[in-house]
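Chain nomenclature is as follows: A, B, C and D, assigned in order of appearance, with residue numbering initiated at 1 for each chain independently.
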Amino acid sequence: MNLISEQYRTVRARSVEICSRLEKEDYVVQPIVDVSPPKWHLGHTTWFFETLVLLPNVPEYKVYHPEYHFVFNSYYESLGARVIRTDRGNLSRPTVDEVYRYRDHVDAAMMKFLGATMVVGPIAELVELGLNHEEQHQELLWYDIKYILGHNPLFPPYQEDTIENDLAGLDSGWHNIDAGLYEVGYAGNGFHFDNEKGRHRVFLEEAAIAKSLVTNQEYLAFINDGGYKRFEFWHAEGWDWMKVNGIHAPLYWYEIDGTWYRYNLSGLKALEPDEPVMHISFYEAWAFAQWKGMRLPTEFEWEIAARHFNWGKLWEWTESAYLPYPGFKRVPGPIGEYNGKFMINQKVLRGASIATAPGHSRATYRNFFHPQLRWMYSGIRLAKNE
Amino acid sequence: MNLISEQYRTVRARSVEICSRLEKEDYVVQPIVDVSPPKWHLGHTTWFFETLVLLPNVPEYKVYHPEYHFVFNSYYESLGARVIRTDRGNLSRPTVDEVYRYRDHVDAAMMKFLGATMVVGPIAELVELGLNHEEQHQELLWYDIKYILGHNPLFPPYQEDTIENDLAGLDSGWHNIDAGLYEVGYAGNGFHFDNEKGRHRVFLEEAAIAKSLVTNQEYLAFINDGGYKRFEFWHAEGWDWMKVNGIHAPLYWYEIDGTWYRYNLSGLKALEPDEPVMHISFYEAWAFAQWKGMRLPTEFEWEIAARHFNWGKLWEWTESAYLPYPGFKRVPGPIGEYNGKFMINQKVLRGASIATAPGHSRATYRNFFHPQLRWMYSGIRLAKNE
Amino acid sequence: MNLISEQYRTVRARSVEICSRLEKEDYVVQPIVDVSPPKWHLGHTTWFFETLVLLPNVPEYKVYHPEYHFVFNSYYESLGARVIRTDRGNLSRPTVDEVYRYRDHVDAAMMKFLGATMVVGPIAELVELGLNHEEQHQELLWYDIKYILGHNPLFPPYQEDTIENDLAGLDSGWHNIDAGLYEVGYAGNGFHFDNEKGRHRVFLEEAAIAKSLVTNQEYLAFINDGGYKRFEFWHAEGWDWMKVNGIHAPLYWYEIDGTWYRYNLSGLKALEPDEPVMHISFYEAWAFAQWKGMRLPTEFEWEIAARHFNWGKLWEWTESAYLPYPGFKRVPGPIGEYNGKFMINQKVLRGASIATAPGHSRATYRNFFHPQLRWMYSGIRLAKNE
Amino acid sequence: MNLISEQYRTVRARSVEICSRLEKEDYVVQPIVDVSPPKWHLGHTTWFFETLVLLPNVPEYKVYHPEYHFVFNSYYESLGARVIRTDRGNLSRPTVDEVYRYRDHVDAAMMKFLGATMVVGPIAELVELGLNHEEQHQELLWYDIKYILGHNPLFPPYQEDTIENDLAGLDSGWHNIDAGLYEVGYAGNGFHFDNEKGRHRVFLEEAAIAKSLVTNQEYLAFINDGGYKRFEFWHAEGWDWMKVNGIHAPLYWYEIDGTWYRYNLSGLKALEPDEPVMHISFYEAWAFAQWKGMRLPTEFEWEIAARHFNWGKLWEWTESAYLPYPGFKRVPGPIGEYNGKFMINQKVLRGASIATAPGHSRATYRNFFHPQLRWMYSGIRLAKNE
């Protein structure tokens, strides 16, 4: 078996492994619009290979099911004669077993294709993109599984020995960044996304960046000091978001009889004071920094300083908006839609998280989310000006 | 085994039978707020017996699971310390297998209780109410299963030999009602709901009521005559409802390449012209009647005339609002909430449908729905003044 | 001047008189969708005569302004090439002065038409309908003026000597209705609306109806007994309405430092305990009756008993839904839209109010509103079964 | 009269002049949430001086009206005992005459204060901020007046000789920016906002920026080429915004019988092909640039290149998100809320517009709006990479 077949098999198996402790019912629900049913992730990542690799390149390949294009495509713009408005979480069919059969079918065709040919050039790049795409969905699977179980009144545990163990921090103190001209952006020859390409120079002013993430204990001090009740720390939109949604603590935190608990994948547990605070929105991260008299780093400060501290437990909010690098161009066709169309109203997060696929993290990686979101593994690293 | 045990076993088994062809995934989803996940129906009807029969009357009975009261209660008003807002369709747990285990547990306790004691008086009435309550949910199960499958882009059939076969009508012509004083309301000694109690006199003017239901063919003529485009046939609210929701045909109807299809439980099939039109809202039934130059019957005209025609395929919209009969009083306690609190903004439907449980139909039965709803088996019977 | 000219002049002058103490700014705003800007009422009632009387009957009459049909029509269904979505309260033009010029223009043409011709038959009926239509809008003008001023943080008084003075009640005790067959509906030869036509027989059971309206003091007892906090008194929809809208007292009531005030047209004043409670929704009226262990009368009980008590201070909620009388038929054309299309999801109110135009009240008059509305002068009369 | 008194009088008079052709009714309405009633602007800018200058510094000054703080404050967070939810456009009182009396009262007190004392230091800065604040509202007044009149079905003209005359462009061609390190941010000693302070270095890559704005003709070519129908040009959020709101042309454009018109302050007129396209959202500006195969400039490219082209007719969308400059700190207290709390989900616009107050434009000025807004005078300048 060649390298690309091997990679394909490994990545595809990991998605199945992540879901292996789910009950069938867990695969189906969509409690909020940001969460997709796990079976949709399994089908959608499969659809990617079927539609973008097999159909254009394997003449004898036949579409597995004519309606799956409609069910597993991300965008339902033009649906032909029989339009049905629905959300992913309303679809009981195809069943979980059916989705796994679909995966098996496409995997067999892919393994045959990858084994028989010397896959190089644009096709190899497409397969690699498909695998990175699947790894992104693997991370989303973790977020979504946690949301589905963590918002069930029974608080079912998912696994005792979870990815969330051993979160406690490592470093302490500050790293100083000197004023000067730096280079940022992806520079190597490996896989990378179009949004991190375009290595370019940026000028940074002198600054200091924390070597550690903010902990639960530190965040509790913010809550106890009225952090969620004092307008002066918040963006106007963050304040409104908090009021409308009744937010007064990070996601998954519950105060029961005066003690703080948080749901994690092993169940509802007492809050660990020394773990980094997680599942917080940009608005909360920013308000916390305001309360501290500090700020969040920019994505370029983060990238330049990253080799001076440990990162990778949580995605770290930056002050930077998600915008194109100089010279960014959309590739024509569907692949070109991958990143550019999202470059508005989102903030960059840097680093990686405990849910990130192995080998899927780079110091130049630009993750992005809307400022109100918090179901992902997000945390806070502080910066200051002197 | 005594009679009430036997009834209990029969009714409870029927709920399971209705669901027997579902995939596990079908039990979970809630595509619109009016549809409940089938597993919720199975749990909720069980919760009724646990909470209202076993707990107050069987000292040694222990609650099966402390959170199920929260999960399967219809009303989530006061939830104690740990409040989670969620919709039924977001709950993957308890699983389907768990819900069936819950049913088995409660059924065993109930059979023991019903077998050991001479159950009479208020307790027997409560069990009977519980069984009628379950029969109502059995009818809802049919509506909800159809909605879940009929709004899936794969249009999966549920069963070939469905309750929807053999809908075609029987009677024709008109029955004349003479002006005069009549008695309406439940008069016997059997089970009945509080809303049909209170036999009383009503004066009816001379009228005629159709012996048959309006057919698909007749309804198509209305569509083809611009029925959904002519304001003069509609209530102002009905017109707005239609525009906002893009309604232009009954629920489950699809026009594909010039031919009309309708989803039924055996799949997507060509429309049968002679079947009674079904799955229509009150607004549509009323507009159709206006277009015909006729009207819908009142619930009292219907009740007085009912023995002169066949009924029971579909619930029939009446012009009557759902209001209390003279002398109606709420029973104190939770049972008293059963009907009275819904007596606003709803229309009475009379008859029964193909989904109605055997023995659960009476000429005095007052069903009720909001005027915009149409996922139930509803149809049209016309009336006129001479 | 003939009688119909005289009537026309009197009714039209009354609309102007009602608005005479408004500031120009008060004519413009629309704080909620149910309230129309006073200048819209003045324009709309004028548009009625221009469009339905002058244009079809006076060949030389020219439309005053081609866009006013669009601005002052109640229904904006088809707007031609230049569609602008807007609400009445967003329209600063035509100005108040312009609207008064429009009134003068149409009034001059109408007076000429009514003076020159012997206006009889259908045209006379149309003019009479137009005047009754204007009288209905005069009542709405009072509601809307009160709402506009009463929801301004400055609480400006409208007039010291207001229609709201001298509300205190007169009668006490109960009137007994014997069981029996009665006739209801309009029977005379005067003006009446299509919805009250169709005199017909109804059978009433024995009942008692209060001779007086419920007072502020009695209603306060309901509040103080937790009336707005006890689910058992409410319709499910009423309860939701109350929760969503934060309702805990009648409209215009404010509790300031432990004392209850209510805004009336002369300003913010302490609550008068002996005045009838007003500005309450059907939901509240019904909940109050439940709390009393009584009920609201039906519209037929009210009509039969009405000569046994004083009525006319407030519109009185009945339990009856607003439905067509036997034999009701829509007149073809726009006049036919007057009432029939509203016969859904509304409750009948009987009587008349302090804001009702002189001569515009009849015991057979059927007013109707949605159950949640309370900006009109509505009150509570109780009924009971023995 | 000293300089600051003179400035005060001039700026305050300009607000009155802008409104001088309004009818009273035009002062009152608020057709969309972004538009404020003109009388609110007049009151709010007055409230600024009363609350932040007079009350803390003039011991004998008495609040003009105790409720005006509530009516004219921008933020209604805590309203005390008598809470009334309302929108600005629902308030008919205080009347326009009252608001002008309020202005006269505060102006007299201010002129006395400014004339009597040698106003220097923080107080002088506060007065200057108040005047700049008023100038910002003067620009909003133009936007809002245009929106109010331009969305009225009568399309009333505001003035023949409007600020919108003589929009046609001047320059052509491209200005090249060399790669290198540049300084940006306010450097002088005059008035400036906190968001433009903090002069700092940025590195720019080589680029070219257009010397002229995109014209109506060029924008029409985009429309005619299916610009509003081709997903590939749009941000995903822009596409959704467009679909949900039925956008298919710039604001104020109307296609009537195949000809394009646009409302401007002198009425509804045929589109001028050579005028710069205006009243477009960031989404549309960005999609247009994508269609051209170009892009929008960053705010720093714009600032560096600004002296090489004419600017000041329209605010020009940039690709830059509205973020703090290095070292930005909120000033404590209410003044500190001025800018920082809005630094999320907004795009920077650079330049100035025909509605900008004289002397209120600087090359370092950072205006900002949400990407979907278009009621301001916004336009498009293109950039490209070579």
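Everything below uses one rule, namely that contacts are C-beta pairs under 8 Å (C-beta built on N, C-alpha and C of every residue); 3 or more make two chains touch, one makes a residue touch a chain.
As the structure is a computational prediction, the values presented were derived from the model and not from experiment.
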For this session: Check A-D, A-B or B-C against C-D and flag the pair whose interface repeats it, over half of the contact pairs matching by residue number.
Result: A-B
For this session: Please report how many Å separate the Cα centroid of subunit A from that of subunit B, as a whole number.
Result: 44
Seminar exercise, completed: Whole-Å distance, C-alpha centre of subunit A to that of subunit D, is 36
Seminar exercise, completed: Distance between the CA centroids of subunit B and subunit D (whole Å) is 57
For this session: Would you identify the shape of the chain contact graph, picking one of line, ring, star, complete or other?
Result: ring
Exercise. What does subunit B use to touch subunit C in their complex?
Worked result: 77, 181, 200-203, 205, 207, 231-232, 234-239, 282-283, 286, 290, 295, 319-321, 323-324, 326-327, 330, 336-337, 341-345, 371, 385
Exercise. Inside the complex, what are the residues of subunit B that reach subunit A?
Worked result: 23-31, 39, 67, 70-71, 81-82, 84, 86-87, 89-96, 148-149, 151-154, 156, 254, 256-257
